[in-house]
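Take a look at these structures.
Two complexes, one shared chain (chain A), two partners (chain B, chain C).
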Partner chain A sequence: MKLKKHQIEKLIKDIQNSFKMDYDRAKCIVDSFNNLLENNNTKFIYDLNYKIFHRRNHKFTKQILNMIVDTYAYLFEEASDDMERQIIRNHFEKLFDIVFIDRCQYSKQLEEKSKTTQKILQHTTKRLNETLETQELMIANISHEMRTSLNAINGYLAIISDKDVLQGEDKQYLNKATHATRTLKELVSDILSVTKLNSGQLEIQQSNFWLDKMLIKCIDNIALMLQKKPKLHLRTDIEFVPFRVYGDQNHIMEIIINILSNAVKYTDSGYISLSMKTKQTSNGNISISFVISDTGIGMTEKQLETIFSPYSRFKTERQGLGLGMHIAHQLAKKLNGKLSVDSTFGKGSVFTLDIDIKIADDKKLDLQSRNICILNKKNYNDTYKQRISFLEEQGAKVKIFDNENEFINYLLTVQDNVPDYVSIIATIEGYTKFDALIYYLKTLPIFSKTIFIAENYQQHMSLNYFDEIYEYFSPIDLYARNKTQNLQKFESRVDISILAIDDTETNLDILSLFISKKYPNITLDLASGGYEGIGMFKIKKYDMVMLDLKMPGLDGFEVFNKLKELGSPLPPVYAFSADIYKSNIDKVEEYGFAGMIEKPLQPQKLYKIIERIMHESNN
Partner chain B sequence: MNQIIDRTVQIAHDYLGAFGFEDDKIDSTVAKGIAELELYLDKLRELINKEFDFDTVDRVLHTIKGILFQLGNSDDGRSIDQLRDEVNAENYKIKIEDLIDKL
Partner chain C sequence: MEYRIITCYQFNKIDFEPDLIIGFYQDINQFEFQMHYKKIQKLYPDVNVIGCSSESNIYDEIPHVDVDEKHICIYLFLKLNKNGYKIKLLDSNKHIDIQDDGKNYDAIILSSNYSNFLEDNIEYLNNQLGIKHLYGGIAGISNISNDATIFYNGDVYTNTLLLLLFDNDYYKLDGLSIHQFEPVGFELTVTKSKNNIIYELDNQPALKVLEDIIGHLTHKKIESFSVPFFLKTDEYKTFEESPLCSIQNINRKNNSISLYRYVKNNDKVKLSIPVSSHEQLKRLRRFHKLRASSCVAFVFNCLGVKAYLGMMEYLYLMDLKRHLNIPFIGFHSFGEIGAFENGGVSIIHNQTISLAILSSVGEDA
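And then the complex of A and B:
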């Protein structure tokens, strides 16, 4: 079949009109179409397919479709006989199939392929997430296992170090091993923190706390690092906050300690400054700004951009993975706070932690009838004045001296209203002198319950007789401490022997920890079972026995009976038990125990008992 | 079981730290305490596959409770203590399995 001349001309015109095309291009298309009709040359079809694909425009596609339908309708009408009509119909169907139906099928295939690809992607993403979660869990588990093992290694290294049996090189190796273990432990803790933060497992633990006490703990944490850098000094400008706050103390401390440690790490000389300013907000909260600045190496702009990203470590010779600042930043966010930084390369950095925190719904400090005597030779700044006013508002009687001689005279002649607390802010050389004075005062019975405090003691010489030593300032709640909590050193020198019998090593360790800290001169013998304890009791005289009630083999009651059977007068025997039930207490009384010491250990109760025994032993 | 160990390590450090002990001393005490706690938790796990023996189950739970208390983890200590009152020959497998799952 071949187009007639008038048909060619009509089609050229139609194409020109429909597609705003010039004559030559329209003729070219019609020639190509004619070639398809006459010689079955498929170039026309491919051109058409390409154009539709290339344009990707449904209006254009519709125009083409209309044009094809119109063209075949026209040719159908022009056909001379049925045979020609049939040829035209077949041709149209074939063209329509190839250009449109196939295209639709192809599009559908594409759509299906796209759906399959999407499914594969979804599946892969899911698997990836699962892998990541598993990895995180695995990291958390491994970190935990490592930390537990490292705790043990660290602990046993400390025990070897305590024994002081190693000499020379060996001692050095031990120190290096201890140091390396600590570093490793810190890294593992960092990884654990990041994992917990990423997986949202980090728990907020809120409690009431004093801000000044929290900052003292932070400073204590970097004290050893600071000691190693004699040219580096810490300055503090801590506003006094006369109430406790309610928040996540541990995590705030973690952020501050992280920044302070970094400041020490990156500053070799000059100073590190820690300041705290507060502002009460309208909703009864307090808005706190902790600012930590240093005169260290500072950061470039590029380094500043990545400071809070994980694994940013600028100078490779410094220790660590670079997770600390990332953790601090994430923690600040978690606490609804903000950690920001400003830095100048070569000059130092300033970190600011802004955080809102609730004011604790708290009772006042009870300082009624407390006598506080203070020597302040250094300064009377606003914070100091606020602290004194606060102590007086809480009922304390405060006597302040700025003259050393008057202060000493007062202490040597005081008869009534003996101070419960003597706080000294002196010059560096002054502290040594006062240490000797306190030694003398402690021999006088009237000072037996006085707590002697060294404040602002920024040096590394040891003081022997002060009860409390603070490098910058004392925590305000120190003045609310119960007088009986102050243990006198001369009492701790009384030599008594205690036998503790318990099958659980942890119980004995904790007991030993508490007793040896307060009473280094007490001899504490530990037995891990009833028979062992009886054996030890037979060969040594004890002033007190602590006996676990529930033990395998002989239980506490049976051991007590056997001790009684030995004949010699028994020292006070205390039941040591976590089962504080009435039936148990009655049984303990019935057996003739001197009393019961509860688990968990309540140190103050234990100390009272020990002091009573010391007192009896003394007399 | 990891959670209780993690929790106890954290609490023990805070608890003993609050009394002002030196870090080294805390580290060694906690490490030994945790090692002992793990030992008794393993014993507890073994008990599921054994015939019920009240004294043994009670003693292991008592020891775990004691260690937890001594390390300052009173909450978990109290949970274990409660279980000691509830456990009997019929329910001990389920109770211990439940406890292990929770820990």
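And then the complex of A and C:
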């Protein structure tokens, strides 16, 4: 069968209109179609099939289908006899079979295959979840055991270090061991954080805090690292926020410190910049943007892709587990914030933490009748001006000098309204000179309650007489503090008795060494098990009990119950544990413990608790 | 190098004196192929003719896959430098031992059957003779049938391995293998096996373990080649670089699974899932890097590819043809020999599309 001339012309026109095609291309298609009808050469059909496959466009496929149906319907009508009609019908069936029926069958097959794929994936997911749960449990247990051992190692190392008996190489070995233990402690901490994050055990702990004070703590945290890199400088551009905010300060700090420490680690020279900008949102919150940039080694595109994945450093040549950034990223999410990164390999990186935070519903600082005297020779930026205005708004009388001589003259001659705070922003030589001046001023009774502050002090030299030294800026709430309060210490010591119950000898050993070093008057009794502890408790009155939770025989909770059953009023009982999971902390609270002391032992935290108990005992 | 791809009805289209003819024929058409050889011999008395039986042929004409059985015997006529190639017929069930003549070769391997020696022999060619570009296919449709054959100048051989060596001073081969699967899930260890049969996986009845994961395994499912294994032996570091291996059959009486290749105890397997159609195309287009001019290609497609991809196979071959724009010839094989990267280590796989491009040295590849 062959197409007639008028049929060819009609089909060309139809194709031109349907597919917006030029005459030559349309003619070419019609010629191929004619060839199919004339010689039964199926190339046309397969070409058509390929076009549909190649385009992958639903509309195009529909257009082709319409065109085929229309064309065959037209040819069928035009057919001169039954034989021609039969030929057209056969051709249509063949074309329809290859182009559409085959495709439908293929889709059906795909559907069948996808059922098997689904089953495989379901099975895999189930097994993966089970494995993850087991692994999390395993990691938690291992971390617990590691923390217990680290407690002993850390403690003994600190004690040896404090004794200061090692010399030369031996001292270096001790430093290296201390450093290695610190790294190990951070690692265990990171692994625990990840496990807590993954298992949804991470708690959000909200409180009121000053943003500037939080950033000072972050900067303090990396100060030592920065000191080791003399060619590296920290720049700050921190907007002054004249109110406290309400949020999870510790976790925000953890994110910022993580990024800052990484920046220091991977930047040898140039600068690290920390900036904070805020914007008030419509719902009364503030939207804060912390930006930390550096001029360090930067990251390749591949590294950037995996920077927030757990264990990302396994995929690079860098040292460490690479959990820090993953934790920071997850924490940001948990705080409903967003941590993003931009980096150029060889040039540096920019990390941005965007977070919304509530404005604290509390009173501002009460600075009525506070006299503040400031010498500022070099820094009059907007933030500084905002801080001064804020201090004045809160009732403080602020006197600012930019001339050293006038400032010194004022301090030497002042009789009334003696400043409660003297804040100095000076040059290197200036600070040394003022240190000597403060030495003199402190001998005068009128300055006995004055707090002397060195601000923007980026020199790595010690100042002896300043009360407060800040590398970049002082926290605003400093001006609400009293000197007496600042120096408050428990000078009048009282003797108290503590009972510590722990099955691990080293833990008791460490505890004993730490306590006796700081408080030689304290009586510390040690029990190596639950029953022994209860026995001791029955015959002596204690001011505080420290109780290990995980012990063979009677565990800490059981011992606590038995102590309660003894009837006499219980002194504060603190849980002593390496298991800092929320479930455990909740259980500790539920049982009525006074608090929890973490292993590895953090002496400062322990001392704070003891001081409080001494204070209560004293009163 | 002159070349032409024709069917057995087109001998009159050859306008040069060929040195080597490579042909493929379906098992059932072996006799016909021998008849046509006589015609060829009359036309070109000095020509070398080699052939390999196939499950079905892959030809240079649309739709490329011989759906209408129009291309039952197909040929690649080649005019080559006589010093540029060598043919070796070897026993496929023995370790081969070829003297190193100090020259560098690329090679096409055509084997009438699958045997464990084949893996060793490929390794030997790779490591001992330094043949890095090694591509080919295994004839036949099962590893128990003896119907598959190799043809060489009028004679038909079973249990034979034909090695077509191309001297790198004159010719070279470039190529690679792709498949459309991804390893998934946990690895399973073969704990009891014999030849190509796995009786136990992780010390459990193999079929039970498999069906726990994928559900009831019907013959229809097996024949659709939809759940091949990735088979990791000591030679491979990861499953991604391990060969894909199809399931050939199951036996409910002894709870075993038979594969298209041999396994041994302590081999690891992982199930596979198909990649998306987008990823399939992406993988297919890795062949485009082999673009060359004045060359001809061999395609070795697994019979599993034909069963699994269905109509998509010819669409993929059409796509390949349009992008590479070179003639090709090949067959559906029981197993393919090729590497995942051009010049990478060649291994035996199932369910791959494997391509080898022959060009004269100096041509773009």
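As a working rule, the second predicted complex is superposed on the first by the 344 of 619 C-alpha atoms of A that agree within 3 Å, B and C clash if a C-alpha of one lies under 4 Å from a C-alpha of the other, contacts with A are read in each partner's own complex, and residues count from 1 in each chain.
Basically, a contact is a pair of C-beta atoms (placed from the backbone, for glycine too) under 8 Å apart; a residue touches a chain by one contact, two chains touch by 3 or more.
Predicted, not measured: the structure shown is a model, and the values here were computed from it.
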In the superposed arrangement, which partner chain does A:109 touch: chain B (first), chain C (second), both, or neither?
second
Between chain B and chain C, pick out the one touching the greater number of residues of chain A.
B
In the overlay, answer first, second, both or neither for which of chain B and chain C A:156 touches.
first
Just chain B (first), just chain C (second), both, or neither: which does A:599 touch?
first
So, A:578: does it touch chain B (first), chain C (second), both, or neither?
first
Kindly classify A:129 by the partners it touches after superposition: chain B alone (first), chain C alone (second), both, or neither?
neither
Kindly classify A:507 by the partners it touches after superposition: chain B alone (first), chain C alone (second), both, or neither?
first
Please write out, lowest number first, the residues of chain A touched by both chain B and chain C across the two complexes.
none
For a test of understanding, state which residues of chain A touch chain C in their complex under the given definition.
42-43, 46-47, 49-50, 53-54, 102-103, 105-106, 109, 112-113, 115-117, 119-121, 123-124, 127
Residue ranges of chain A in contact with chain B within the complex:
140-141, 144, 147-148, 151-156, 158-159, 161-162, 250, 503-507, 509-510, 513-514, 517, 550, 552, 578-579, 599-601, 603
In the complex, chain B touches chain A at residues 2, 5-6, 9, 14, 16, 19-21, 24-25, 27-38, 59, 62-63, 65-67, 69-72, 74, 77, 81
In their complex, what parts of chain C are in touch with chain A?
62-63, 68, 184-186, 212-215, 221, 224, 226-227, 271, 273-274, 310-312, 314-315, 318-319, 322
